[in-house]
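Below is one structure. I have some questions about it.
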C-alpha cells in the first residue's frame, strides 16, 4: 500500500475588529465555562462511592487458592507438593521472582516435608518495590499469583506494605469469589462510569 | 531503507583514508579515526549532495576489554537523501573532539557522555556534569560501576527500625547524597552571574513541569542568561537496561516518558522485535497503533492543560483532565493500569482487547471533537492567549537541524520530520493522516500544531477501530516465535510452552549479536532506542535518544532577552517530560 | 466631623482585629524548629544570591512618575467633576474649555511619554 | 503547643476542634517529581476532586501542611526535598506516594534515594506504581485518621547525614 | 475649636524638623523626604489660615503645593536615578563635584 | 469641643513623632514608613480643620502616589538602605532650626492674616460642601494658576523622563 | 467626655460587628468561590466538611490560625509583619465608607447600614484602596527572597497602572451626581442608572477591579507557574491568611459594592420585598458583580505584566478620559 501521508500547513487565526471591540473572544470563552457550570458534576465522591476497577486491574497481588479450578499444569505439579484445599496454589517454582524486574522484592521460602513433598513456608512481597507490571502473573505456571482489584493498601509503616502468604491467599479467595465469573469486559460498573461518559451503547 | 550505505557517500570516501564501512544488516555504519572525524562530519554536513544537517544523537558505548575503551556513536539525518547515517569512532585516551562547533545539539549529549563515562571533549565550552552533581566522583555508565552504586553513607530510616523491616528491603548504608554545598557548587559552575540577580526557577516548582532546574540571570525581570540543570529525575534507566532482560525492561520504558507510556513501549518493543526478528501479529499492530494515538491525544491533552494552567487559564486544565480521565479509563480497562500500563509485549500485546473496548473508543471518538472545540473556543482566538503566544520563542528551521529538535516542535517550524512518515512502524503506513506544519515557528504555531495533531490522531484511531472490528478473532501475540513469551493459557496446557516460558524468563531473550537503532514518534519527539546486543539475554548497552532532552536544549537560547513570564510559555510549548530527559 | 470620628474608630478596630489575629496565631501555634526552617524559599535549592533586594529597574521609576503625575491630574479633575453640573447651567462653555485645556496639555505630556516609550516595558 | 499542654476537659475539646480543623484542611505542596505526580494531578482534577475534602494545592511550602512526595526522589533531589520539608510550618505531615518515594521502588540504582523516610519522617506510605487516585485518596483518609488519633504535632528529630566508611572498596 | 495658633506652631515645628532633616541627612533621598515634610508644614499653615479667615483660597493653594511636591519628587528622583546609575552611590559626601 | 481637641492633640503629637522618626531613622524604608505616618496624620489634621477635600487628596496624592514613588525607587536601589545620619551637622542644625522657628512664630503671630475675613464661614461650607467650595474657587478665581499647574506637570514629566531615561538611550547607541 | 466615650464604644462595637461580619462573609466568599470554581469545572467543590462543605471555611480558618508562624532569616521583621497588616487594614477600611443601604427604622431605633457617610467618601475609598499597595511592596521587599520581590513589584506595577485609570473612570458618575458621597451618588440615580452614559467608564472599572484584586487575566503577582505564590511566598499561617482574605475577598467584595453604587444605582430598585428591598437589591447586584468576577477569573488566561501595564496606560487611561468627555457632553445636552 502506498503512503497516504499528507502535509498540511496550518492557518493562523486572527482576531477581527468586531471581536476585538465587543470582547467577543472573552464572551465566547465565558459561554463555554458557564455551559459547563450547568453540566452535571463528574466527580466520584471517593470514600462514599467507589469505582470498581476493571477485572484486568493490576492492584495488590494475591494467591489463588486450591479450589478445583486449577489449570492442568497445577495438577501435574501437585504430586510434589503438599497443598490442601483452600490453601495457596503456589508450588514454589520461583518463576514469578525470575520474571520480575526487581527480584529482590520477593522472599519465597519452601520447606521439605518429611513425606518428601514440598510446602511453601513463606511468600513475602514488598509492594513498595513493585512496578505493578504483571510480569509475575504472566510467569506463574499454575495460575497462582494474580493481581486483584484491591488498591486500598496505604499503611503507616513500610512493614505493613509487605504482603504475606496468608493474606495473599485470603485476598485471592475473596477476589475469586467476587469476580472470577465476571466476563472479560472493559468495565463492570457501567453506572458509575456513566457519570463521566454518559450512556454508552454496547454493540 | 533508512540507513546510508557506502554507495551514498562514495564520492567523498576517498578523502578520508580511515573511513570504513561495515554493512551490518540491521545497522550499517561507518567507522572513522578520531582525527578525521570532524572534517568528515563537516564534509557530509555541508556537502550539498548529502546535507546531513540534522543532528539525531550521540552516545558512547563502553568496552572495557578493548583498547581504546570507549566508542562514540553518532547519528545524523540527511535532508536530501532522507536517510540516517551512523558513524562510529574510538575515543583514544578517553578523549573525543567536540561537535559543538558543528551542531549545537551536541552540547548536552557530550556533557551527558562526560557525566556518564568520563570522556573528555576537546573544544567543549562548558564541560560540566549533566545529571549528577559536581562533586560526584564516579562515572555510572561504565561497565565496572555497580548498578546499585557505592554505598558509603550511613543513612538509616527516620521512622523505621531495621529490625522491624522485612529482611530483603532495607540497608542502612546508602549511596552518596549531595549536601547543600555540593548543590551550590553545581549551580555556581553552571552560570556566571553577569546581570543583577540569579534566580533559581525550579526544580521543585509548580511551573516547571517536573523537576527541571533553571538558573536565570535576571536584569529586572528580563532573563539575560540562562542555564538548565538536569538530573533531578535521573534514575539510571540506561544502567538498569543493561541489567534486566528485554522483556523486563518494558515496564521501565513506561516510566521514562510517563505521560505517553504506550508510545515509549511501542518504540522500544519495535526496536527489540527488529533485533530479534520477531514479527508481531496483524491485530497486535493495529492495537498498538490505536493505543499509541490514543496515548498521543492523552499526552497532548496533558500538555494543553498544563500549558493553559501555566498561562493562567485554570479551568482548561480541569477540562483536559476530564478528557484524559476518559482515555485513562479506556487504558485501564484494556491494560489494567491507568498510567504506566506496560501493555505491549514482544511479539504483540499482553492481553487481547476486552469485550466492549471498541465500543467505548467509538464513543470517545464521537464525543471528543466537541470537547476539543470547547478548548479552542476558549483559547485559540482569545486575545490574551494570542498576546502571550504569538511571536514568542520563534525557532528557525536552521535551529531545528542544529539542535536536533523533533516532534511537534520541529513541525511547528515547518520541518516535516515525522517518524510515522519517514520510517513507519506498525500500521502507520496503512492509515490515512495529515502532518500539520506551522509557518512561523513560534509558541502559537506549536500550540496549533499540537491541537491539529490531536484531530489527526483521532482520525487514525477511527481507522484503527474500523479495522479492528473486522479482526476480532485474530491472535494478539505471535507466540509461535521462539522469542515470544507464551500466553498464560498456553503455559497451563502445554509443557513445551512452559519450558519455553521458563527459558525465556530465566535466561532472557538471547538476541543475536548486533545493533539496532529504531525510533518511534513520541508525542515529545523522536524516541530512539539504540541497542547493542552481544548475544546474551540482556542488552549490552541501551541508549535512549529522547526527544524532550534535545527539545529542551534550545530553551536557554529562546529565553534570552525575554521575561520570566515568557519562560512558562516557552517551556510549556517545548513540552519536556523530565522522566525522559533525565532517564 | 462625627463621620471621621467613626472612621478613626473603625480604623482602630480593624487594626486591633488584625493585630489580634497575628498575636493569637503566634501564641497558640506550635513552635518546632527545624534545622533549615528559616532558609528563604527558592524551589528548594540553595540560593545563588544571598540577598534579593537588589533590583534596580528603570521601569519602576517611570511607573512611579506616571502614577504621581496622573494622580495629581485626577486630583485636579475631581473638584472639577463635582462642580461641573452646577457650572454647566451657569456657563457651560467656560468650565468645559477650562478642563479641556488642562487635559490637552497633560495629554500632550502623555503622548510624549508614549512616544518616548515610557509606557512600554520591554 | 501552648494551650494543649494541660489536660483539662475544655482543652481536650479544643484539641479535638483543632484537630478537626487541621485534618479537614490539609493543603499539600504542589510538588510533582515523576509519574506519580500525574496521578496526583488527576486526584486533584474533576474526577476525584480533592477539594471535596478541603484539600487544595498550594505553591509555597510555607502555606502547606502536607508534603505529598509523588515520584522518584533521586539523590540529587534529596537535600532539596529536605529543605522544602523544613520550610513547611508545623504541624506538618508527609505522604509518601508510590513505591519510588517509599522505598526506591523499581529503581535500586546508584542515583535513587531508597525511600524518603531516610531524610524526612513519613506518616503514610501509599504503595502502587503509580497508586491510582483512589489509592491516594485512601492514603489521605488514613492520614486524617492518624491526625485524629494522635492529636498533636510530630516530634522533631535530628537527621543524621554522615559519611561512613564504605562497606566495600570503591572502584572509580 | 482649637486655636489656629496651635496649628501654626505645629506647622513651624514640622518645618524645622524638615530643615533639620535636610541638614543632617547624608543621603539625597532622605533629604528629599525631609523636603516633603517642609512642604507639609506649609500645607498645614495654609489650611489653618483658611480656617481662621473663613476662606478656601488656602486650600486651593494646597493643590498647587501638591503639584510642586510632585514635580519636585519627579525631577529629584530622576536626578537621583541618573546619579545612581553613574556612581552607584547616593551619599551627598561622595558627590563632591555637585558641591560648589 | 472635646472631640476636636483630642483629635488635634493626638494627630499633632503623632505627626511630630513620626516627623522625628522620618529624619532620624537610618533605614530608608523606615524613614519612608514614618513619612507615610506623618502624612496620614497631617491629613487627619486637615479633617479636623474641616478641609475635607484637601485632606482626602492629601491621602490620595501625597500618602500614596508620591510616597509610592519614593518607595519604588528605594526598594529597588539596594544601596539606599542604611545610610547614616551625620551627627556633626546636628550641632549646626539646632540653632538654625531654632532661629527659623522663631521667625515663623513672629511672622505668624504679628503679620500676615491681618487681612479680611473671607466669605466661606463654616455655615456656608456646611451648606455647599467643602469640595464644591474649593472647586468653585479653583475654577473661577484661580483659573490661571490652575492652567499653569498643568504646564508645571507637563514640564516635570518631560524633564523627568529625559533625566530618568538618559542612560538607556546612550546604552542603545553605544 | 463621657458622652464621647459612650459614642466611641457604640461605634467601636458597630465597627467590630462590621469587621467580624466582613470576616465571616469573606470566609464564606471563599466557599462560594470554591463552589463556583468547582461547578465550572464539573466538580462539586467542598462537599464533605459540614453540609455541602459549609464548615470548610471554618476548618481552614482554624488551621491557618494554628499553624506555626515562620519568620525566615534575612527578613526585616517589623516590615514583614507590618506588611500583612498594611494589606489587610486598608482593604477593610474601604468598607467603612461604603453604605449598604439607607438608614432604616427597626423597633424604634435608627439603624444605619454603614459606618459613616462622608462628603469625600469616594476619594477616601480610592485612597484606602491604593494604600494597600504598600502592603504588597513591603511584603515583597521585606521577605528578602526573590519570588516575593518580583511578585511584589509586579503587583505594584499593576496597581499603579489601574489606580490611575480607576480614578479617572470614577469621574463620570461624580460629574453626574455632583458629589463624592457614595450615598449621594446612589440617591442621584433614582431615575436612570449611571451605566448609561458611563459605559466606557464601567468597562475601565471592571478591568481595574480585576487588576486591583489580582484576578485573571491580571493575576501576575501570584502566577503559580512563574512565581510560586508571588509576594506572599514566604508568609505562613495567619500572616499569610490576611493576604488572600484582603485581596481576593474583602477587596473584591468592597470594590464590587462600589462599582454597583457608581453604575447600577446601588440599592435603588422597585420596592417589592417590603422594607428590606433596598438590601435585597443591593446584595443581588453585588452578588451578580462578584459572580461576574469569579466567572472571568475562572475562564481567562493571564496577561504578562508588561502587557498589563501597557493595557492600563495605553487603553484604559485614554478610554477613561474619553468617558469624561462623553459624560461632559451628555450632561451638557441632557442636564
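The chains carry the letters A, B, C, D, E, F and G, assigned in the order they are written, with residues numbered from 1 in each.
Heads up, the rule we're going with is that a residue touches a chain if its C-beta (ideal position, glycine included) is under 8 Å from a C-beta of that chain, and two chains touch if they have at least 3 such contacts.
Predicted model, so just to flag it, every value in this text is computed and none were measured.
Q: If you apply the touch rule, which chains end up adjacent to both chain D and chain G?
A: For chain D paired with chain G, the chains in contact with each are A, B, C, in label order.
Q: By that same contact rule, can you tell me which chains touch chain B and chain E alike?
A: The common neighbours are C.
Q: Look at the interfaces C-D and A-D and say which one is made up of more C-beta pairs in contact.
A: A-D
Q: Which chain has its Cα centroid closest to the overall Cα centroid?
A: Taking the mean of C-alpha atoms per chain, the most central one is D.
Q: Could you tell me the distance, in whole angstrom, between the mean C-alpha positions of chain A and chain B?
A: Taking the average C-alpha coordinate of chain A and of chain B, the gap between them is 26 Å.
Q: Report the inter-chain centroid distance for chain A and chain G in whole angstrom, where each centroid is the mean of the CA atoms.
A: Centre-to-centre distance between chain A and chain G: 50 Å.
Q: Please report how many Å separate the Cα centroid of chain B from that of chain D, as a whole number.
A: 30
Q: Roughly how far is chain E from chain F, centre to centre by C-alpha average, rounded to an integer in Å?
A: 6
Q: Of all residues in chain E, which are in touch with two or more distinct other chains?
A: Within chain E, residues 63, 66-67, 70, 73-74, 77-78, 81, 84 contact more than one other chain.
Q: Return the residues of chain D touching two or more other chains; collapse runs of consecutive numbers into ranges.
A: Residues 30, 45-47, 49, 52, 59-60, 62, 80-81, 83-84, 87, 89-91, 103, 106, 108, 115, 117, 129, 132, 159 of chain D touch two or more partner chains.
Q: Hey, what residues on chain F touch two or more of the other chains?
A: Only 3-4, 48, 50, 53, 57, 60-61, 64-66, 68-70, 72-73, 75-77, 129-132, 134, 138, 146, 149, 153, 156-157, 160-161, 164 qualify.
Q: On the basis of the stated criterion, which chains touch which? Give every pair.
A: All touching pairs, sorted by chain label, are A-B, A-D, A-G, B-C, B-D, B-G, C-D, C-E, C-F, C-G, D-G, E-F, F-G.
Q: So in the complex, which bits of chain C are touching chain B?
A: For chain C paired with chain B, touching residues are 42-49, 52, 54-59, 122.
Q: What does chain A use to touch chain G in their complex?
A: 26, 29-30, 32-34, 36-37, 39-43, 45, 48
Q: For a test of understanding, state which residues of chain C touch chain D in their complex under the given definition.
A: Residues 27-37, 39, 41, 43-45.
Q: Taking the complex as given, what residues does chain C use to touch chain F?
A: Its residues touching chain F are 1, 4-5, 8, 51, 53-58, 60-65, 67-69, 71-76, 78-80, 82-83, 86-87, 95, 98, 101-102, 105-106, 108-109, 112-113, 116, 118.
Q: For chain D, which residues count as touching chain C in their complex?
A: That would be residues 1-3, 60-62, 80-87, 89-91, 153-156, 158-159 of chain D.
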